[in-house]
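Consider the two complexes below, in which chain A is the common component and chain B and chain C are the respective partners.
Presenting the complex of A and B:
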């Protein structure tokens, strides 16, 4: 007699779970190799190319895409746009997981995890931009954890503690915006030290401003992108406010993203003029720069505007995905493609498959953690026992 | 294109272009804003 599989078994053996399981197992094996064999075992990093995709993607893209937390909470709690309230908790959760995974990914690059507190406790390099970035990321991760904690406390039934944290909401939001302004721009400022290594079209003394503005674009687009995915895969977890708020968030954030992208486009063009780099546009790198500027800045600005005008959330959702890809392209260009651009091709960096494996592993952990939390905690619905804050 | 020899010439050249771009931006951004909000006003 054959035994029917239990509903529990079939529920867990989904294609997504199987693929995620394989990615996690491979990631854990590469993790062991990295921490036992060193960087050379699993990466193509060298003295010429010390920053690979673990910095270019996991850190620079991760921090930019996690900006939805400060953008959304600033809109709701500082600018009083309460109509976007339904987007706050998913955005804070995405930001919190994003920053937590950035710190995790950094361990793979720098090694010796037990030395993580050294910059604060043992050897403070207070004149270094990296010190400022480290301090801001550490503080902002703490802020995001506290901002996220009311959802976990509602889940655990910790009413008094939740009440205390909720009273800190405005203070935490202001602190979060300050810290984000500082470290989002400082990540760009890191490249000010290498004017000869970064291609002149991407190098600019305004690069910290570019990084900060693109973080706002990334944050707005990521909230739309994540909202679209949540409405597809976690619709059953949503209450009326979240279901009704979908279009409000998409149209509002889409309009903001269109406006910021248009401003960013003009600022970038003025940046080329300020450094008089027009002649580089006629080169191969110039063509790729124009792909980034026209294809991933001007085009999404126009498409967001069309989506908002037509009140077409499908256009807005696809434009958000395209803009998120544009942020990845921008950070990759600055950190990898346009960096060491003058070196012969055999000395250029191309990631080892195990580097890509770790990046996929880290993104997968993020998706699994997001799913674990939203299926248990009141992220996409308001807990009936608590008032919204 | 005239050759640039001094910082003065460089600043003059780049600022001239930036001023033209700023005029375009000051015209372009309100136009884009009107395009963005065009249907709201209908």
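Presenting the complex of A and C:
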């Protein structure tokens, strides 16, 4: 009996938890400042720059990166690619958390967050693309919640309710794809109304299509990226199907991403040609546009193809991370960099550190919620008492 | 082109149905909204403006806005380019389009009260209204504070109360709508000492502006800014120097803001109608493929089983036959053997006589 009793706290005092704890505390302090001092206390937003990173990152990037849910469930349940079945639950969970956090982030950004249901309940501004975004995001968050609920019900032992929801799978998947098509594209269409403010290289009447296609790319890449991380950190939670399915998912999704990126590259070029904007490519903004188009579209398309051909999952994983970064670059370009491009530099926007603080805080909440759920609910393994659906 | 009466009535009927069911979706029509009839506007003649900032002062008083950092008679403020803010619905900017040696041109900036406002089109709670009188007014009671109107406005007019934590509003010129309803002039127009601002019916003001351009061609450019810009505005500008050099953008085009989004909005019902059919179809095709594959597999298995069974039966039958033959042969052999033995025994008995019987 010489063994020292392990202190119960040490299990929680991991480096990750310490950092996450600090982020959460700082986030809560900024939250108090936001709701007592207003946006001017914690942001660099101005009358010229009404949207900052809380829209550019938390909304635009957040919704795009949460697209894995509809992409994966459509592949498995509609297109019948059952070999990707193991990827569905993690993707749905990420999608659900992603959308929930987007809505949380909007509470910081809008002036009177308790009025967020007003577009539906009080005064319907149906001529607004933002109305479409709001309606679809609200409905799709509900759909994702229902799609995610079987995992929670299995955890809680609610057999009958779970059986009921599982029977809705196909209906929910179709509804989810429809809503995603609408709001992913509408997020881009938000900028259609401001042709004079967005740089001509990024402004295009195709922008809703660009946003929809990039959401597919983001969804595929996020599933690969996240599956890589999950295999590193939650390997002990995985069953045979998930462990064996890793390479199938990476190769399959990597191949799809290579093709979709290639298609996206061509429609981007077509967009430039259609509006005859070639001459802008010779400017500073043109150089940055080429960085985005060649570095974050053409390059990952090629690297995905190489990775799939060589069956090299390391290349595919890194390409996925690079593509996710490319989505961030694209959304930032449209919302922040190419927006108000003609304004003198002293009137341009750069985020306040507290804006970044809230964005990091919200991502951290997402990671913590993901960890809480996958360590408890059957996400990375099939529950032995239930048949797969 | 001849149009029969029946055809014409049919078209009218169809137009009526479309008109009755959709007020906004008219992407494919060539109907143009030219503004409310008899709506009001303000004509800003920059050649008359002296940059005294009395309009700014009047606006501040009428709208009960906070006192500015520097008083309105301090003209040093003009040295810096400004924009409308939550504290100032209107500002005057000073430009030197002909170089610093020449006299400056002053531009008053405020909401242009578009005939088809971008802010109203963009607002997802219909907080903005274009009134038949001419003003674009804002209703803070429904505003969520998303600031999409500020993104949408091509003239960078709406401002926001960023310093308010819980009840921030959009702040912008109201064309003094309450005063207009009382029959008074907008505050800035009333205060203008040089008639650089004139209030009246929009159609009439356009005639007045044309008249001035016609009478003094050397003084004015032949362009009424706001007559067509962004579908037309209820604030009209006259000047003698290029508008772009005065901070009035000339690259906005003449399309109203709503026309940029009507195509995307029109795609919504198409997606809602088509996607479920398309996706269910893809599902059904895959399901059917799976079913056919399963059936083919089952058939292949069945035929393989049947073949194996037939072969096995054949072999069994052959084996049985062979066995029977063997058996028959064996029996025959045995019988033969027994007969031979019997014959042999009989022979032996014949040789030994009754010896055998005696033994038995």
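Heads up, the rule we're going with is that the second predicted complex is superposed on the first by the 381 of 389 C-alpha atoms of A that agree within 3 Å, B and C clash if a C-alpha of one lies under 4 Å from a C-alpha of the other, contacts with A are read in each partner's own complex, and residues count from 1 in each chain.
Note that in this section contacts are C-beta pairs under 8 Å (C-beta built on N, C-alpha and C of every residue); 3 or more make two chains touch, one makes a residue touch a chain.
Not measured: the values here are computed from a predicted model.
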Which superposed partner A:181 touches (first chain B, second chain C, both, neither): second
First, second, both or neither for A:35, with chain B first and chain C second: second
Contacts of A:345 with chain B and chain C, given as first, second, both or neither: neither
Touching partner for A:259 - first (chain B), second (chain C), both, neither: first
Chain B versus chain C as contact partner of A:128, first or second or both or neither: second
Contacts of A:276 with chain B and chain C, given as first, second, both or neither: first
First (chain B), second (chain C), both or neither touched by A:311: first
First (chain B), second (chain C), both or neither touched by A:205: second
Partner chain in contact with A:47 - chain B first, chain C second, else both or neither: second
Partner with the higher number of touched chain A residues, chain C or chain B: C
Complex contact set, residues of chain B against chain A: 4, 10, 13-14, 17-18, 21-22, 24-25, 28-29, 32-33, 35-39
For the chain C and chain A complex, residues of the former touching the latter: 24, 83-86, 118, 120-127, 142-148, 150-152, 154, 156, 158-169, 249, 251-253, 257-258, 260-261, 263-265, 267-268, 271-272, 275-276, 279-280, 282-283, 286-287, 289-290
Residue numbers on chain A that touch chain C, as the complex places them: 34-41, 43, 45-48, 50-51, 74, 77-80, 109-113, 115-116, 118-119, 122-132, 134, 170, 173-175, 177-178, 181-182, 185-186, 189-197, 205, 208
Chain B-facing residues of chain A, complex: 255, 258-259, 262-263, 266, 269-270, 273-276, 301, 305, 308-311
